[in-house]
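Can you keep this structure in mind? I'll have questions shortly.
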Amino acid sequence: APDKPGGSSGKTDGPVPDKPGKAVTINILDVAGDLQLTQGMIDEFVSKNGDQIAKVTYSKATAPELVGKVKAQQNAGRVDIDLVLTGVDGLAAGIDQSLWTPLLPTYASRLPGMNDYLPGAAAMQKLAGDFGVTVTYYPSGPLIEYLPAKVASPPKSAADLLAFAKANPGAVQYARPSNSGPGRTFLMGLPYLLGDSDPKDPVNGWAKTWAYLAELNKYVTLYPSTTSETMKNLANGSAKIIASTTGWDINPRVLGTVPKEAAVGTLQGFHWVTDAHYAVVPKGVDVEKQAAILNLLKDMLTPAQQAKAYDKGYFYPGPAIKDVPLSMAPQESQQALGEYGRPEYEQLIASNPLEVPLDAKALVAAFDKWDREIGGAKVKK
Amino acid sequence: MRRRLVASPGAWVVWGAVTFFFVMLAGVIFSVLVSSFGRRWFDTWLPESWTGQWYGQAWREFTLPAVLVVTIEVSMLVVLISVLVGVPASYVLARKKFPGRRLLYLLFLLPILMPPITYGIPLATVLYKYGFAGNMSGVVLANLVPSIPFVILTMTPFIEQVDPAIERAARMCGARTWQVFARILAPLLVPGILAASILVLVRTVGMFELTFLTAGPDSQTLVVALYYTMSAAGIRAQQSVDAMAVIYTSMMLVLLVVALRFVNPTQLVARVKEDVD
Amino acid sequence: MTWLRIKSVTRRFGGKEALSGLTLDIEQGEFIALLGPSGCGKSTALNCLAGLLPLSEGSIWQDDQRLDTLPPERRGFGMVFQSYALFPHLSVRRNIAFGLQMRRLPRAEVRRRTDEAIKLVRLEEHATKLPGQLSGGQQQRVAIARAVVLEPSLVLMDEPLSNLDAKLRLEMRTEIRRLHQSLGLTTVYVTHDQEEALSMADRLVVLRDGRVQQIGTPEELHTRPANRHVADFMGYRNLLPMKVTAVTPAVVTVEGAGLALQGTAVGTLAAGDEVVAAVRPEDLQVGEGGVPVTVEVVEYQGRELAVEARTSQGTMLHLRAAERPAPGDRISVVADPARVLVFPA
Amino acid sequence: MTWLRIKSVTRRFGGKEALSGLTLDIEQGEFIALLGPSGCGKSTALNCLAGLLPLSEGSIWQDDQRLDTLPPERRGFGMVFQSYALFPHLSVRRNIAFGLQMRRLPRAEVRRRTDEAIKLVRLEEHATKLPGQLSGGQQQRVAIARAVVLEPSLVLMDEPLSNLDAKLRLEMRTEIRRLHQSLGLTTVYVTHDQEEALSMADRLVVLRDGRVQQIGTPEELHTRPANRHVADFMGYRNLLPMKVTAVTPAVVTVEGAGLALQGTAVGTLAAGDEVVAAVRPEDLQVGEGGVPVTVEVVEYQGRELAVEARTSQGTMLHLRAAERPAPGDRISVVADPARVLVFPA
Amino acid sequence: MTEKTALRHRLAERGVDRQLLLLLPALLAVLILFVYPFAYGMGLSFQPDEGGVLGAYKNFFEDAYQRDTIWTTLQLALPAAFLNVAASVPIAYRMRGRFRGKRLLTTVLVVPITLGTVLTAEGLLNFLGPTGWFNRALLNAGLVDAPLRLTNNYWGVFLSLVITGFPFAFLLILSYLSGIDPTLERAAATLGAGWWPRFHRITLPLLAPGLATTFCLTFVLAFSVFPSAILVGDPAGSTRVISIAAYHAAYEAYDYSLASAIAVVMGVVELAVVAAVLGVRSLFYTGSTGGKG
């Protein structure tokens, strides 16, 4: 490693200076795929602030392993991950295991951008407590996606969807929720659609949802293990309607893995189940580095940088703060979204309620129940 | 030399099965290869058009050249060390009957049997504590845990096959133990060592958990990138997974072919015993 | 001057003694042959000496230094294995050069000595072949060359000539003796061929069932075998169970199995004792006034004929004849009393 | 009645002929010995017959059925391998029983015949051991028992007795001959031991460098070797390069190397020809009026002494003596002209 | 005078001598890098948040959904390992001798180990999927009416285990086979044994130790199947293998003690199978496979 774990001053707690004494190296671990959106922002900051950050290294991992790794480093007293970009799952797991340095409210004043969060992003920020800083945000889903050529009259409600599935066994597909964003969004969106008693309590409050899924299960032949596969099946015709989200709608069409003509629909009375990515700093990171990171985050939360989050619809829309119109985004983004974007999203986002996703514990419980009662039910037959 | 050309029914069945296996294999490999170069492949035999963009993307996103170098360094080191440490141990286990031998064999068996979850995190902690993790030495050390026993397990039957009189003869010629190993046993065991090395190599290159837990930013291996592409959150085109998989496979293939170039796994010992025809 | 002391060395395999209490002093420059029937423990003895088998009991000393606790490669002995044990992956040349390379000799010397050894065993043509491509005898010659090329202080040879043809065997015998003498080697040589042992060794050790039967010079063994087993092994092919009828200081008279013979007693005997009379086939002559026997089998053996004949009581006698009798002929057989040995049964 | 025809069988290893154009007719019940120096192609010939090596050229016929295209297991021959080739995972008993079990004989018969064979080779004590626990000679006996227990129509034996001790070897010789006769076997027996070949075989085939030198009965070979190589191999240890000085119908007179001899010509010779005179050591006698030589080496060989002596010109002669001359003695040597063979050089 | 037998000999006869030192590096490596961390992991499995010392195990065994993963995994791993070994033997046996193209064929047969689980999974999904080439060919040829379902179920995982496991098994068995002296088979042939008795009475017993080891290794690999069980399998249902349960506990529920407990159960089950196989192996001959015993 280029620098010793623990960093240049060796101090990992106490007050964080305004600026690092000399340029530091920052090791960033991305467990949410967030670099797709933010690497441009970070690189730009580094190129402009060579006095603070000499070099950034990026590594990537999946969320679940993150905890083990950080824990191992912290137990040994040598932390060499300085900044983690994570989704809700990694964030929550880290909070649960007390891995993260509390940045708030101590340094809230250094991150003025946080005051400009979109309402949905602000709600997501609450999930992060004192630990994470929301860097990107999107309302996600649930949406349904289909090829208009094959589905003449798409379902308009949850009941319609069930009827469609009944009429076309095997045609409705959603990926196993624990392996798929759209899958879990669909799962978390259903209680709102069906009017369950407590949409935040999958074990006791989702009676209608489970009944609905069990019924739907009779006509689902297959729960793929990745969202990509549902997309592929949609494209090659072996599935007719799949669960989706805004990002999964636009980006795969840009990439060409789903036909451009694919359409999305919503089910009547749905609530958006939002999603966000967070920046967190593990405990044990040198204060000099913390200083550089705080300055980096401050920069990332400015509109000019946030506009980069439009990307090619990867996390559509993407920016976490207000007043970042598409016109500020890089030319490439504007072009891709001009061709593949859907103007109707703006309206849909504005006119439907936003809900924060389940917290980590509840989500795991929901996955478990789904695995046992829905996905696993096939075996017991 | 006349050979009997009429093959027995047994041979037909065997070669038929081999052919079928090859066809399936070719299908599997080519479908991924085609997909990794394809753009828009929907309900058709072949994609609409071809592109190299998935490779370009993987290249940029993961700084692959550095990752490849690290992967090769790590796997070579692991193979080397585990053979150096494992073969002598398997020698003793194969040749000697001593009290506690079975127990020891069991102990060597355990690391292969136990999933890395059981020991991965504490192991990483230990390695971090002594400054080994976060760089290449940690990755190598962690990967030795399943590799050494693997070598021991595969090599023991091999060594049992070698006539002990040959070693005695070497000793009578004045060879010390290490010379017996280097000059006599090693060449005779080449097929076995090679087989074991290839398998260790494959396992090391493919070992995700232990590598991830102990790798630092500069010591990531290809499999970490591959797993990320495959199972991390976020949108991924199927094709970019395919492209990563193809890169991974090509690298392994190069390693394998290089290995087989230098030594043919079946001929060294066999040459001595086979006829020349 | 005793140079190597073997003190009551015993080796057991799973309780059974393959070698029991071998005690032997070897002098520098001596050529010792271990002789005995198959399975008598010859190879076991050699392996114990070489350090390839741990001893179950006993010790081995060289110039008052205890040797049996040293590993084989530290004893500096050379060995020719009964099963050749050639290195299958090395060419003939490299098999032979192996030991020299282990000694870290300069390359040129290794080459020179290897070449000499290859020439000695006449394998010039085959020097680059692998052992698997050699005939059995060629392999054995490689094994010999590999051991002697080192000019070790003690050479152990386990039936090194058994796979060679008669001519080559004779030549190699002479060659081995010559090497032994000119290099000043000390040699322990295992063989089951009494003729080989007699012609090569300074002293012979006859083993049977792991036990030493007799130690002595070739002549002692040949003419004065210590017991019937040694006699049996030294070519006294006729071993006839008989009874003593009379004892004089010079000769004993024995009778039985339809025969009456006079012979020399080995040990003290009294009239009436059950004994075994031992005679070599070549010491039974066809001659007047002897025992009448009927010829049964006649085998051609070059210059002589081997004859099997039966006495009237059905005892089979082996003898030699210069002229060819026909099966069924009745002949008369006589024996020189000095050549008939009588052992207690 | 020709039962097995071997027609110009040739076998090459990588271009080199290990066996060239072997042609031989074998009659049922015959005992054929293949004799020749190490590496001459004996094992190769046997392997070709057994079907273990494909022929490079030629064919093998049995009663007008072509045999060389059949796999070994369909030929119904038995074989004793030079390297034993015992099954290391089977006990002695099960090694021997293997072939019988392959024939699907009833269990009781397998048992009975196996027991007999074990007894025959005297391994009763070792029947349950694995081959790795046997001595070399014991292993070889297992190999013999394994082959003959099948009473095959043709038995191929590759130096089956080379690892046995002298006594056992003699006994096994007789045993093998007895088996051969009583079971009505046909046997092809490879050996490098001329004495063994002479005493056992009905006919001998002498090979050298893969080529047949002579085929004949033991007596023919022993007394009338066809060329100097056969003579060399049949014990004519003195092979002296000389020149013909005079030729009469009965004897040729030859001179050279400080010697003058009279001998019997093999082939037509004329005065002045370069020749090789061949004499056995036992045909060179110490006697008056012969060639004066100086004794150099005296070896004890049981009843006789082997003597090496040098002529004034430095040629080494091998002879036998009944009494012990001392090295350095000057003696005179004579030879019976009928026993001296003269070959063209 | 009688010397006491040297201690060295007495130890050597029991198999204790300096050569045992060769074990040391491996032993140290395993002790430091494995035993210590593993003991820690084992310890975790006995310290669940609730339910006492054996709470985690009780959790696992009382829950049919969890417990059944053992059976599910065995159902996959045993047949796959068995097939891999059983298929390798005849192929390797055919390939013992020398023939032209042997090297190429060996290389090609070994190629699949380079594929890795990901490419195999992707390939199976692409190739055997409902609109993959395989089903397309079958449909076009009129052999089936509807696409065969070969992925996202038991068969997908099974096939991927075969594709990744077969070359492992083949490579090892081919090498073990080449160590057996061919003279032995020849000897058997002259004793009238056709190819089958030659094979099963001579070659097979000599190969048995190698077979056992190979079976154990392929079984262990198959038993810890994880990525392909998720990718080409039905991870909530018919291919919910035990490692998915462990993964779920460790990385989704962050219940390390349950995860360790499951991992220990995994190890114990594997150990039981391996012990059974090695037990059977010890009934066979082990040792030199040359002709001279």
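To keep things simple, chains are lettered A, B, C, D and E as they appear, and every chain counts its residues starting from 1.
Definition applied: a residue touches a chain if its C-beta (ideal position, glycine included) is under 8 Å from a C-beta of that chain, and two chains touch if they have at least 3 such contacts.
Computed from a prediction, not measured in an experiment: that's the story for all the values here.
Chemist: Averaging each chain's C-alpha atoms to get its centre, pick out the one most distant from chain D.
Modeler: A
Chemist: Could you compare the number of C-beta pairs in contact for D-E with that for A-B and name the larger?
Modeler: Of D-E and A-B, it is A-B that has more C-beta pairs in contact.
Chemist: From the mean C-alpha coordinate of chain C to that of chain E, what's the distance rounded to whole Å?
Modeler: Their C-alpha centroids are separated by 53 Å.
Chemist: Could you grab the centroid distance between chain A and chain C? Build each centroid from C-alpha atoms only and quote it in angstrom.
Modeler: 89
Chemist: I'd like to verify one number: the distance from the centre of chain C to the centre of chain D, where each centre is the average of its C-alpha atoms, in whole angstrom.
Modeler: Each chain reduced to its C-alpha mean, chain C and chain D end up 21 Å apart.
Chemist: For chain B and chain D, let me know how many angstrom lie between their CA-based centres, rounded off.
Modeler: Distance between chain centres, rounded to whole Å: 54 Å.
Chemist: Where in chain A do residues touch two or more other chains at once?
Modeler: 65, 68, 179, 226, 229, 232, 236-237
Chemist: At least two other chains touched by the same residue of chain B: list those residues.
Modeler: Answer for chain B, listing residues that touch two or more other chains: 43, 120-122, 125-126, 163, 165, 227, 230-231, 238, 241, 269, 273, 275-277.
Chemist: Please list all residues of chain E that touch 2 or more other chains.
Modeler: Those would be 17, 131, 181, 183, 231, 247, 250, 287-290, 292.
Chemist: Where on chain A does chain E make contact in their complex?
Modeler: Answer in residue numbers: 64-65, 67-68, 93, 96-97, 176, 178-179, 221-226, 229, 232-233, 236-238, 364, 367-368, 370-372, 374-379.
Chemist: Which of the residues in chain C end up touching chain B in this complex?
Modeler: Chain C residues touching chain B: 50-52, 71-73, 76-79, 81, 83, 85-90, 98-99, 102-103, 130-133, 143, 146-147, 150, 156.
Chemist: So in the complex, which bits of chain B are touching chain A?
Modeler: 39-43, 62, 120-122, 124-129, 131, 133-135, 209, 212-213, 215-218, 220, 224-225, 227-228, 230-239, 241
Chemist: Could you please specify the touching residues of chain A with respect to chain B in the complex?
Modeler: Contact set of chain A toward chain B: 1-2, 5, 27, 31-34, 36, 57-63, 65, 68-69, 71-73, 75-78, 80, 87, 89, 179, 181, 226-229, 231-232, 235-237, 247-248, 251-252, 255-257, 259, 314.
Chemist: Taking the touch rule as given, give the residues of chain D at its contact with chain C in the complex, in rising order.
Modeler: So the residues of chain D in touch with chain C come to 13, 36-40, 42-43, 82-83, 126, 133-138, 141, 159, 162-170, 192-195, 198-199, 218-219, 222, 232-235, 237, 280, 282, 299-303, 306.
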